[in-house]
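Given below, in the form of structure tokens, are the structures.
Both complexes below contain chain A, partnered by chain B and then by chain C.
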Partner chain A sequence: MDLDIALILTQDGITTGAVYALLAIALVLVFAVTRVIFIPQGEYVAYGALTMAMLQQGKVPGTLWLLVAMGAFAALLDGIRVMRGGARSGLAASLGWTVAYPLALAALLYAMPATQSIIVQAALTLAILVPLGPLMYRLAYQPVAEGSVLVLLIVSVAIHVSMVGLGLLFFGAEGSRTPAFSDAQFSVGALAISGQQVWVVVASAALIVGLWLFFDRSLYGKALRATAINRNGARLMGFSPVFAGKLTFVLAAFIGVLSGILIAPLTTIYYDTGFLIGLKGFVAAIIGGLASYPIAAAGALLVGVLESFSSFWASAYKEVFVFTLIIPVLVWRSLTSHHIEEDE
Partner chain B sequence: MQTNTRNVLEVSNLSVAYGKVEALTNASIKVGEGQIVTVIGPNGAGKTTMLSAIIGLLNSKGQVSFDGKLEVVPDVERLVAGGMSLVPEKRELFGEMSVEDNLELGAFHRYRSGDRKYRDTMEEVYDIFPRLRERRVQMAGTLSGGERQMLAVGRALMAKPKLLMLDEPSLGLAPLITREIFRIIAELRRRGVSILLVEQNARAALAVADYAYVLETGSVAMEGPADQLRDDPRVIEAYLGLGGKHQDMLAT
Partner chain C sequence: MSAPNRQAAVLPAVDVARSGAASVLSSRNILVAFVAVLAIAPVLLPEFYITLLNYIGLAAMVALGLVLLTGVGGLTSFGQAAFVGVGAYTTAVLTTSQALPAWLAWAGSPWPALAVGLLITATVALILGSLTLRLSGHYLPLGTIAWGISLYFMFGTMETLGGHSGLSGIPPINLFGWVMDEGREIFYLIWAFLLVAALTTENLLDSREGRAIRALKGGMVMAEAMGVDTSRSRMVIFVIAAMHAAAAGWLYAHLQRFVNPSPFGVHVGIEYLFMAVVGGAGQVWGAIAGAGVITILKQWLQDWLPKVFGASGNFETIIFGLMMVVILQRARDGLWPLLARLVPARGTTRVIDASAEPLPRKAMPAAGEVILEAKNVTRRFGGLVANNDMNLHVEAGEILALIGPNGAGKSTMFNQLSGVDTPTSGEVLFRGKSIAGHGSREIAHLGMSRSFQHVRLLPKMSVLENVAIGAHLRGTKSVLPSAWRLDRVEEARILREAAFQIERVGLGEFMHAEAGSLALGQQRILEIARALASDPCLLLLDEPAAGLRLKEKQALGELMKKLRGEGMAILLVEHDMDFVMGLVDRVVVMEFGQKIAEGLPDEVQKNPRVLEAYLGGVE
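So, the complex of A and B:
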């Protein structure tokens, strides 16, 4: 192996690593706020890429009907709660999101002529898929939100399996690859950098900076961090765990779908590709102890580079290398970290 | 209690059970506007349980009516938005966030409902607790016990509460700091905040309060204006001690 190949592999690794970093950050966030190990994170990536591909073929994606159905189900639950004597406040707003918004979006998709603009397609993909996040929290996690981490994990597994099955139904067994956002090519020395790779790295970096600003500067971001540190304390400030959960799932869905849109032109995505991508994000999140955002992001780059080098040397074993990484990491973490009792 | 003041909080027949064990039985208390009302009693009498049930952290039976509105099922978020603040016994600070972030979060629901003037309130809180201003960038988890208590009270004040509920504000604090905290409680009443104070330190609580309840094994055993209870032989016997016997015991 010479330096040029090493550079190309590193460049590849950083591109995929940037996407893993986004997913790892989403996984850490979801776990910190809701204690959910969010296995379906990868499904959002696949759904994002494939919904985008269907929109480009001028079809109405099946995920739209998933949104309508989940919204209707959530509205039904809200209705039952009110009939049993629950508070009526907020019902109108919640019906707006669960019923009116999906139907309006469906009408828009049917009325609108097929568009070639990638920005519009990406916006529509986000508009369809991101609301699935909070709806999923409402339907699947909120009823068991006080359960143990294990119960929440099992719910995650169930959602993952259902989403993969629905993915096969919506998108079929064939994979899709979307056209690149830009055809630009840059060459730096021996390196040829495609415009899409630049898009991925820049968009990931921008999103990470945006998330950092959100958590460090905005009161909503601080409230999410506060919920992760002390749930009861956050409740006493009037920040409800339900709201925190939904907000977290909005962010996680947004990150997942955007990652899918970004990588769709780089690799062929199948209905079940998301799981492996999500798991690699999970390895990175574990490197960060499911707690540290910067370490998780750095770990994601490590995972990306390791993956690209191992696919060069022993491509049949590339997943093995990546997932074996978790063992020394766990040993190192269990040796260095010590359990800290909660104050007082 | 004077009949002409409006009651901020009216609790009647409040009961809480942990499984089959009833921790609070038919407790009824009232807090008038601008008053300090204290609930004293020994360990395990159900004082903390009562506060948790009033604000909706625990399921309960009975009526809680806050600021003239009856709460069928007390709900934390709604009550906090309505102006109730609890400083819990465990403080529940956000340890890995700065003092200033903790204070800001105290104003969260004001911010959410469009009130952007919480910066002014922060200045007021810093005026009451100059110590917090010195430590504004420090992590809350690194503060001393007294500072933590100040931060917990300050954070609750950021919400501009109509009713401030304090659970054992003197717990684990040195006597001088306890005195400081009680001085601040009296100062808060002067600023128009109604206060429900739960304390084991009966002497200090009765000195500052207008009205008092004695809670024993989950029910209200006695009640009356604080200065009357202070002279009641049963209270002196059980909680104040003759000639500061209680204090002497603490010293040995």
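So, the complex of A and C:
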């Protein structure tokens, strides 16, 4: 291997690493606020990429009907709650999101001409998929929100397998690759940098900065951080943990879908690709101890680079290499942690 | 529905504490009937159902390991399918290889290959466990996902393992000349393995080691304070679960006579977990019910769903996932409790053998010997000094009370004395030895036992079993003797000791009740019985009289006087002045982290600084 190849591999690694970094940050966030180990994160990536691909083919994606169905189900649960004497306040707003919004979006998709600019397609993809996040929290996690980490984890795994099955139903077994956002090519020395790679890295960096501003400057961001530190304390200060959960899932879904849109032009995405991508985010999140955002992001870059180098040397074993990376991390964490804690 | 579910429904309940059910069927009779049905099933049923039952039996073995790991131990693994793969591939390689190296030639037939497979599995599980089990519970599942994926890709890429096309030509199992080359024959072997695994697991859970395992879910801090090595208990169940899976893999390879990577991927591992959850993740026999339901449902959905959707694919995962979410939201104990209610088996109340030999006791230290001593103990939390230069000592045969207003630093002091926390400076000596840096397990070993300010017990276990955990260190029988019932003499002695302590603290009538059903005051008394069961020479009690009625307080006072008479040293942190003053020998009063008075109860009550601390000064 010469220096040029090393540089090219590093460049590839950083591009994928940037996406893993986004996912790792989302995973740490979801775990900190809700104690959910969010295995379905990767499915949002796959759904994002494949929904975008279907829109580009001029088809109405099946994920739209998933949104309509989940919204209707949430509305049904709200209705039952009100029938049983629950508070009516907020029902109208909630019905707006669960019923009116999905139907309006469906009407819009059917009314619109099939060909749209790539930005409109990306916006539509986000509009369809991001609301799935809070709906998923409402339907699957909220009823067991006080359960143990283990129960929440099994729920996550259950959602993951359902979403993979639905992905097969919606998108079929064929993979898709979308056209790049830009055809620009830059060359720096021996490196040829594609416009898409620039897009991925810049968008990831922008999103990370945006998240930092959100958590550091905005009231909601601070409230989420407070919930992550002390759920009951945040609740006593009037910040609902249910709202915190939904908001977190909005962010996680947004990050997942955006990652999917960004990498769709770089690699072929299949209905079940998301799992491995999400797990690589997890490897990074574990490097950060499921607690540290910057270490998780740095870990993600390491995962990306390791993956790209190992696919050069021994491509058949690249997954083995990446997942073995967590072993030294776990050893280190095992050696530095001594006390026995109760798992909640 | 087909046969397996009806059979599963007549299994005995594993919950030995449940009693008084209407039915006259004993667990043993139900088990005998179940075995009889299994014995004639291959003669009566068509081939299709035999195959189905074989797969259910194999899956149930894996699910059984997960019941132990997840339902009982509160841990989980998504890598069980990979362990199945280790068992299957080991035997496949060893029994089909034409050129085994000379040192391995002995392992070239199925039975030795089983031993090798189990050995490899145990080694891998030990390594994975030592990496993740010291950490919080969620690292194990994440670690096993990574392991499962890595192993799956290894199976698929390594030339010697046949790559994605797999290995074929695996010979049938030969048992004393009986060659099991048909499904009907290996059926007996599969179900015999499963029954042995289920019975030994049930035995294990009903033992000293089993109580330690059952304490993992929600009682680790308490169990450590009683001397249980919780990391070891976690490791034990993880290794057992992995070995169940590997044995199932060995049977699978010889049933199929062919292996390829696809049944050993992470998604199959997830399916096994679903079986454990559906059946009832705390129920040994629920594993069979769960394996039956998922296996049959999968068969049916795989026929039906592609027709509905007009496309081919594994759409059953959609239904399974949704089903799991609903079960976890609505019926977290799974299907087993529902099935068990259909045929209520007569529960067996635990028999306490009053004639069992008492457990040996340690010699009590001589009266007046200094048992516990705090020397210049200071504990700072950042700028806050919670304990400042505290000195106190407790002698054998005396009761010392540590009192003070709220926020005086009593609980912090209690944590320093009990070894939960380490002082910033100064030291705590227990029988002359510093306890700084020793875990609560070692301290329990030295003869110090404690109760907790916030009661820590296992609410679903009986009072008897909760107290028996206290006697953990006084027994020695480990996993294998427990599984094979070679521990009964020692177990009888432990239960006798526990029963004795329960009678002694006055909870005799609640012996077999669930600990969680007791009133809070009684739960505090239970904690004292549990501490006494460890045969301590020092008892640390954190607010033992809180929540007790007058009569109960008087009884507790009498008990403590009696223990003092036997030479025990007792330190209590208490708020209830009436209780303290009539009982204790000496009092240490704290305020703002410092000792402000020490002496006889009467002296302390007249001390102006104490009066000021409690009643406020006169300006």
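Convention: the second predicted complex is superposed on the first by the 335 of 344 C-alpha atoms of A that agree within 3 Å, B and C clash if a C-alpha of one lies under 4 Å from a C-alpha of the other, contacts with A are read in each partner's own complex, and residues count from 1 in each chain.
Keep this in mind: contacts are C-beta pairs under 8 Å (C-beta built on N, C-alpha and C of every residue); 3 or more make two chains touch, one makes a residue touch a chain.
A quick note: this is a predicted structure, and the numbers were derived from the prediction, not measured.
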item: Chain B versus chain C as contact partner of A:Ser240, first or second or both or neither; value: first
item: Superposition-derived comparison: chain B or chain C, residues of chain A touched; value: C
item: Partner chain in contact with A:Thr268 - chain B first, chain C second, else both or neither; value: neither
item: Touching partner for A:Asn232 - first (chain B), second (chain C), both, neither; value: first
item: Which of chain B and chain C A:His160 touches, first, second, both or neither; value: second
item: Partner chain(s) touched by A:Ala223 [first = chain B, second = chain C, both, neither]; value: first
item: Overlapping contact positions on chain A, where the chain C interface meets the chain B interface; value: 343
item: Residue numbers on chain A that touch chain C, as the complex places them; value: 37, 139-140, 143-144, 147-151, 153-155, 157-166, 168-169, 172-173, 276, 279, 282-283, 286, 290, 316-317, 319-320, 323-324, 326-327, 330-331, 333-334, 337-338, 340-343
item: Chain C to chain A touching residues, read off their complex; value: 70, 74-76, 78, 130-132, 134-139, 141-143, 145-147, 149-150, 153-154, 157, 218-221, 224, 230-231, 267, 270, 273-274, 277, 309, 311, 313-325, 328-329, 332, 439
item: Of all residues in chain A, those that touch chain B in their complex; value: 85, 87, 219, 222-223, 225-226, 229-230, 232-240, 243, 343-344
item: Complex contact set, residues of chain B against chain A; value: 55, 57, 72, 75-78, 80-81, 85-86, 88, 90-97, 101, 104-106, 108-109, 111-112, 141, 155, 159
